[in-house]
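Scrolling down, you'll hit the structures one after another.
Heads up, the next two complexes both have chain A, just with different partners, chain B and then chain C.
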Partner chain A sequence: MPHSASPPPAAPHPHNSLTRIGWRRLRRDRVGFAALCIVGAYLLLALAAWSGLLASHWQDEVAHPYAPPTLFAGTAPHHLELSAADIDAADRRATSAAAQDGSGATGLSADEDPLAADLAAAEQQSAQYRGAEQARADSLPLGADQRGRDVLQKLLQGSATSLQVGIAGALLALAIGTVLGALSGYFGGLLDDALMWGYSVFTSVPDMLLLLAFAAVSGRGIGTVVLVMAFTSWTGTFRLMRAEFIKHKGRDYVRAADAIGAGHGRRMFHHILPNVGHLLLVQFSMLTVALIKYEAILSFLGFGVGVTQVSWGAMLAEAPAELLQGYWWQMLAVTLCMSLLVTAFSLLADSLRDALDPKVK
Partner chain B sequence: MLAYIVRRVWQMVPTLFGVMLLLFVLFNWVGGDPSYILAGKNLSAEALAGIRQQLGLDLPLPQQFLIFVKQVLTLDFGTSWSTQQPVSTLLHSRIGPSLLLTGSILLLGTVLAIGIAALVAYLRGSLTDRLVTLIATCAMSVSALVYIIAGQYWLAFKGGWFPIMGWSDSTLDNLLHYLPLPLLLGVIVGLAPDIRFYRSCFVEELGHDYVRTARAKGLSEPVIMLKHVLRNAMIPVVTSLMMSLPYLMMGAMLLETFFGIPGMGKEVVMAVERSDFPVIKAITIYIALATMLFNLLTDIIYKLIDPRVQLH
Partner chain C sequence: MNPAPPLLSVRKLRVSFRDEHGHGAEAVKGISFDIPAGKTVALVGESGSGKSVTAMAITRLLPEHGCHIDPGSEILFDGRNLLTASRRELRCLRGGDIAMVFQEPMSSLNPVFSVGEQIIETLMLHTGVGRKAAQQRALALLQEVGLPAPERKMRSYPHQLSGGQQQRVMIAMAIACEPKLLIADEPTTALDVTIQQQILQLLTTLQQKHGMAVLFISHDLELVGQFADEVVVMHHGSIHEHAPVQQIFEAPQDAYTKALLRCRPHLDRRPARLPVIRDFLGDSCHFEPPQRERGYQAEDRVILEVQDLCVDYHSRHGWFGRHSQRAVDGVSFRLMRGRTLGIVGESGSGKSTLGLALMRLQQASAGRVLFEGEDMLTLTPRQLRAYKRRIQIVFQNPYASLNPRCSVAQILTEPMLLHGIGCDAEERLQLAGDWLEHVGLPRKALAKYPHEFSGGQRQRIAIARCLTMHPEILICDESVSALDVSVQAQVLNLLQSLQDELGLSYLFISHDLAVVKHLSDQVLVMQQGRCVELADADTLYAAPQHPYTRQLLDAIPQGWPHCIRSRPA
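Right after this comes the complex of A and B.
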C-alpha cells in the first residue's frame, strides 16, 4: 500500500560529528577551555621562539652575572663582581709587571719560556675577536644567570625546546604505537604474536632505565632525545590501539566497507582510525606531559639536549649551584613556567577525556 | 596453580630472549666500537686490537651474541670497563642501599596515600576533598627535580636538620642520619599522584550496590570503609604497587644521585656517563627478570584477594 503522504524532506541536519560535540562540550567546560587557552599560548610562544621571532639572542651576555630581577633589585645577596674580563686584566697587569722585570709570569725570560711564542700568538688571536665591551644591565625582569644571560629569554627558548621535544616525541610515539597496534589488532595471528612479543620485551624494562640505556649509546641533541623517547614510550598507545582494533574490526561498518571492496589499509586507517581518534588525542596530551618531565630529568643528568641548546632541564641543572650562593630566580622561573604548562596539559587531558567520551550524551 | 606458574615461567623465556636481543642490538651494533673509548689516550693499533680481542669484539656477531647469552644464563657479566671490578660484586654492594631507600619510601608512601585517599573519598564532595585534590594536582605538576633541589637546600643546607648527603656502612647510622631526608622527599614526590589514583579507586567502589546494602543493614561507616570498600579497592592498588616493585631494585635514581647514596640508580647514571656497557646490560637484565617475576606474583596475589579471578 503506498503511503498517502511522503515523509517531510529531512531538514538539513547539522553535521554532528563527535569532534564537533566534543568541541562544544569543551567550550562549555570552563576549566578545560582555560587549560586549552594556556596550552595554546605556550605553543604560540614556542613557535615564536623557534622561528627566531622571540628570544633568538638568549645567548647574549646582556647583564652583570647574577643580576637580580627588577622587583628585587635591592635585596639580592651581596656578591663580589669578578668577571672573566677582570681576571684577564689582573693577569695582564701581573704579566706586564713581570715583563718589566725582564722575566715572564713564570719567572723565565721570553727566550727561555717555551710557551711564550704560543701565548703571544693566542693573545693576538683573542684580541682580534674581542668585540666592543657592551653596557651590562644591573637588573633584568627575571634576573640573569651566571654568565649574565637574560633568564626571561632563556626561559622562552627553554620552553620552546622542552615543548618541541615533548610534542615531537609524543607524536612519533603515537605514530609507532598506532601503526603497530592497528596491524596487531586488525590482522591478529602470527603478526599479533610477534608484535606482542616486542611489546612484552619493551614493557619488561622500566621507562627510565630504557631511556638511559638508549641514551648511553646515542649522542646528545634534540633529535636524538626525541627518537629515544619515541622508541621507549610507544607501548601504552600500542596496547590501547590493539584493543580498539580488535573491538572494531568485527563491527558492521567495517564489514560493510569490506563488502564495497575497501582494502585492508583503507579499512584500518580510513574507516576504523577516525572512530578511535578521540582516544589518541587524550593519549597525546598525557604522553606530552610525561615526555616533558622525562626530558627535564634527562637534560638535568646531562644526557638530554646538547650544550648549545637550553631546556627546562638544562636550566634546572644550574639551580643547585646557584641556590647555594643565594640566587633563586632562575629556579623559581623555570618551576613556575613548567608547572603551569604541566597543570594545563593534565587538566586538558581530563577535560578531553570527558568531552570526547561517546557514552556520555 | 602449579601448572599455571610453570606455564607462566616458561612464557618468560621468549621475553628474556627479546630483552637480550634488544640489549645486544643497542650495545654491540648501535653503540659502535667501544674500544676507542677504552683505549683512551694510548691509542695505538696494537692496543685497539688487544682490547677488541679481550672483549671478543673481533668475533663474528652471532658468536658475540652467544657469549652474551652465556653471560646471562650464568649471571656472570664479566668486569666493569671503568673500575675493572667484577660486575656481580659491584651490583651486590649496590642493591642493599637501594632496597633500604626505595623499600621504606614505598612502605611509608603507600600507607599514607591509602589513609588519606580513603579519608577524602569518604568525605567526597566536601571542601576537604576538593582542597586535597587541588593541592595534589598542583603538587604533581612540579618536577621531582625541584622538590629534591629545594629540600636539600632548605632542610639540609639552610635548616641543618639533616646531613646534606652521605651514606655509611652501618645500617643503624643510615636509618638514623642519612635516610630520613631522602625518604621524606621520596614520599612527598610520590604522594600526590598516589592519592589521586587511590581516591578514584575508592570513589568508584563507594558507588556500588553492596555499599548501599551494607549501610541499609546498619553497619557503621568505619566498618563499611575498612572491611568492604578497602578490600574491593585493593585490586587496582595492588596492581600499581606491584608495578612499582621493579623500581625498588633500581632505586630512586635521582635521590641516590643527589644524596650520594651508593645504590643501583646512581650506578646506572654513572655507568651511562662512563659508557660502562657491561654494568648497564647487567642491571637491565636483572630489572627485566624482576619485572617479569613481579608480574607473575601480581596475578597470583589477585587470586588470593579476589576469589572471582580465574587464572588461565
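Right after this comes the complex of A and C.
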C-alpha cells in the first residue's frame, strides 16, 4: 500500500531524505556522475533505436560489401567485388577460349546450343533489374559489413537489443532474487531450508553450462535470452537479500513496526526493503554489466538472439571470418562501444555503493 | 605536595573538523589543563563536549584528513611537545609511556589472536624482552588485574571472555609497559554497574601501586567523584570548571557543573520534576520542586497481571538437536493503572526479554499475561491487534528504532493508518502534528527525517509514535539509558508529565537504579531470569532484602564523598 502521508503543507522546502543525500553525494563524485551521464546517453540512444526513431533501416544494403570506414577509405584492404556480369564475362571468355581450342566445355557452338534462346531471355530480364539497383556507397562512417549494411546503424540497433536484454534480464533476476531472498531471510525455518537447497543446486552447476542448457532447450529470440539469463543469475541477489533480511528483521525499527501492528508483508516490503534498496541498485548495475557480457557470449556461440535481430554478440560472431580477411572495423566498433558502456556501468556501480551507503554520513 | 612540573600539560588546544562540504566545526576551543604525575584527573562532559577529541589529540590518534589542530596548541609530555613529535617518537610513547583503555573492550581486542598473544606482542614491541620473559610477565599481569585462572585465560580468545574480563585484559595490556600516563576513555560505560565498580577498584589500586597518572574520561560526574583528584568539566569544547573533586561536589562554581550534579536522579531525593540544564543557565534562580510520593495504593486497579511467565530461547544443535535456554523464569507481578513498575537487573538478567514477551514480540513458553483479565498469550493474531494498540514499547536506542527511510510524518501516521485512527490522511497528519507538539517538538519537524534529530529528540519521536495509538501501558525498555544526563532528565520529565496527564501505566526497564527509583512506584529486581525481589520503591531502597539487591545498590556511583579509596587529607 502506498503511504498516504504526503509532504505536509508546513514544509516550505523539501528535507533531506537519505535518498536525496545519496543523490547529492553521487553528483559531487565526478567519475560517478560522468559514468551516469554515459549510461544515460546509451539508454537514450537505445530507446530511440528500439522505438524506430534511429537506425530502423539497419537491414538495408546501402554500401558495397565491406565498404571501409570513411576515415580509412584509402588504407583499407582492396576488395574484389564479383557481380553477375563479371562472372558472365569470365564465363564467356572461357567459352570462347574453349571454342578456339576446338574442345569447348559443351562442344557446341552458340548456334547449336538449344538453351541459347532461354539464356538470352534471362540475361535480358536481369539487365532490367540491374538498372533499378540503387547506387551503393564506397565508404560509410564506420564501414559496412559483408552484405553492405551500415555498421553504425547495426551498432545502434545492437545496443538497443543488448541493453534491453541486459536491463530486462537484470530486473527479472533482481525480482526473483529479492522476493525469494526476502521470504527466506525473513521467515527462516523450513522455507529457508528449502530455498537454500534450491539455491545450492543452482549454484553447483557451472553458470555457462546452465546458460547453454537453458538456451538449447528453448527457442531463439530476445524473450528467451532474457528468461534464460534471469533464471541463471538470480542467485547472487538471493544470497545478498537473504543475509540483509536476516540482519534487518531483528532491528529495533522492524520490531517497532511489529509493535504498532504492521503485518509481515508490510514489515518486509515497506520497512525493510527501502533500507536495503541501495544494495539492490548496486546489484542491478553489476548484473546489467554481467548480463550484457553473457548475451554477447551467447549470441557469439549462436544461442542468442534470432537471425533477424542484431545484437553486439551477433555482430561479434561475424568478426572471426572478417578479421581473417582484414576487415577490422565491425569488431572494433562493437568492442569500443561495449567496453565504454560496461566500464561506465561498473564505475557507476562503485559510485552508487559509496554514495548510497547510509553508514557514511 | 611537590612543586614538580606536571607530567602532561595541555596548552590552548584547539581542534576543528571539516566535513565533506568544507564547513569547519570547532570541537575543542582552546583548552588548557595539567595532569600532575601520579594523580587522577577526570574529564567530564556530555557527548559532543570534546572530551574524547582531547584524548585523541594527546595520543595523536585523530584522523589526519579533515581534522585540523591549531598550530598555537601545545601538548607537553615530560617537556616534549607531542603535537610536533615525529612518528618514531610517537610510536615509542604510545603503549610505552602513554597507554589507553577504550570504551568497547570487544572491539579493541583483536578477535583472531588469543589474549596472551596480544599482551606478549605489546611487551616484546616496547620492552624488547624475549618471548619467554614476555610470557612470564603477561601471566603476572593477568594475575594482577584479577582474572580468574590466568594460565587458561592466556590461551582464550576475546569472545570467550565476558565484558568485564575483556576490560581487565585491556587494562593488563595498558599497564604492561609501566606507563606514566593511562588514558581511560569511558572504560566502564559498556559494563554493568557491579562490574563497573570492580573495574574502578582495580584501576584505583593499580594507579596507587604503579604511581601512574590517569586521565579518566566520563560522562558521569557521580562516577568520577568517587576516585578522581581533580575534575575538569567540559561543555561544547571549552572548560567550564577545573577544580579539586571536593570543591566540585561541595561548592561548584559554574552553573553548568551545578546543573550536571542536580539533573541526574538521586537516591536520596525524588523531585516531582527533575531540574534541567536550562534551569541553571538562565537568570531565574532555581528552586527545588516538591518531592513526589511513590508506591502502590490500596485503591489502585490492576491493569496488567503477569503470572509465572517463562521465556525460552532455542538454538539448533546439529541436525535434529535443539538447545534451549531459559531467559525468563517464572516471573509474576502486577501493574496498576496509572502507576509505574520498575524492572532492574544487569545485562543478561532477562529484563528486556520480559518486555518483548509481554508485547508478544518474543514467544513466551509458559505463564499468563492478563490484560484486564484477558490472557494476551492465547489470543489469535487477529484478536491481538486490538490489544497491540493498547500496550506499546519505547526501545533503548532511538537511533535504531526509527526507520531511517521514513519522514517523521510517515513514522507518526503509520500506526494511525494501521489501526484506523483518523478518517483521512489530512486528519492523521494533523493528529501527528499535535502529538509532536505534545512531546515538545515543533510541528514543522514532520517533514524531517530521523537522522536530522539528536538522540533525545528521536526518543521523543518514538514516544510520540506510541502515543498516537492512545496506549494504556507503555513499556520503556532502557529508554533513557543511551541519553546524556541532561537529556535524560528532560525525557524523564516528559514521561512523568505524560503519565500525570494521560494516566498511562509504565513498565520501566533499566539497569540504572537511581533512574528506576525516581520513576517507579514498585520495583522488581531480576537476576538470571528470576525475580529476586519485588517491593514498593521506597521500601526496597531503604531495606533491601535480597543480597543481590544490596549488591546492586552498593554499586551505584554516588560521587564525593562516597569515595572508594582513602585520600590524603
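Quick note on the criterion: the second predicted complex is superposed on the first by the 297 of 361 C-alpha atoms of A that agree within 3 Å, B and C clash if a C-alpha of one lies under 4 Å from a C-alpha of the other, contacts with A are read in each partner's own complex, and residues count from 1 in each chain.
What we mean here is this: contacts are C-beta pairs under 8 Å (C-beta built on N, C-alpha and C of every residue); 3 or more make two chains touch, one makes a residue touch a chain.
No experiment lies behind these values; they were computed from the predicted model shown.
> What is the contact status of A:Ala296 with respect to chain B (first) and chain C (second): first, second, both, or neither?
A:Ala296 sits against chain B, while chain C stays out of touch.
> What is the contact status of A:Leu18 with respect to chain B (first) and chain C (second): first, second, both, or neither?
It touches chain C, and chain B stays clear.
> Between chain B (first) and chain C (second), which does A:Pro274 come into contact with in this model arrangement: first, second, both, or neither?
Second partner only, chain C.
> First (chain B), second (chain C), both or neither: which does A:Thr308 touch?
A:Thr308 sits against neither chain B nor chain C.
> After lining up the shared chain so the two structures overlap, which partner does A:Gln128 touch, if you call chain B first and chain C second: first, second, both or neither?
Neither chain B nor chain C is touched by A:Gln128.
> Just checking: does A:Arg255 make contact with chain B only, chain C only, both, or neither of them? Give me first, second, both or neither.
A:Arg255: touches chain C, not chain B.
> With the touch criterion stated at the top, can you tell me which chain A residues are shared between the chain B interface and the chain C interface?
None.
> Quick one: in the complex, what on chain A touches chain C?
Of all residues in chain A, those touching chain C are 3-8, 10-11, 14-19, 25, 28, 251-253, 255-262, 266, 271, 274-275, 277, 358, 361.
> Considering only the defined contacts, which chain C positions touch chain A in the complex?
By the definition above, chain C touches chain A via 20, 356, 359, 361, 385, 388-389, 392-393, 395-397, 400-407, 409-410, 413-415, 417-419, 424-425, 428-429, 432-433, 443-444, 446-449, 451-452, 462, 465-466, 469.
> Which stretch or stretches of chain A touch chain B in the complex?
On the chain A side, the touching residues are 197-198, 200-206, 208-210, 212-218, 293, 296-297, 300-303, 312-313, 316, 319-320, 323-324, 331, 335, 338-340, 342-343, 346-347.
> List the residues on chain B that touch chain A in their complex, please.
14-15, 18-19, 21-23, 26-27, 30-32, 137-138, 140-146, 149-150, 152-153, 157, 246-247, 250, 253-254, 257, 268-269, 271-273, 275, 277, 280, 283-284, 287-288, 291-292
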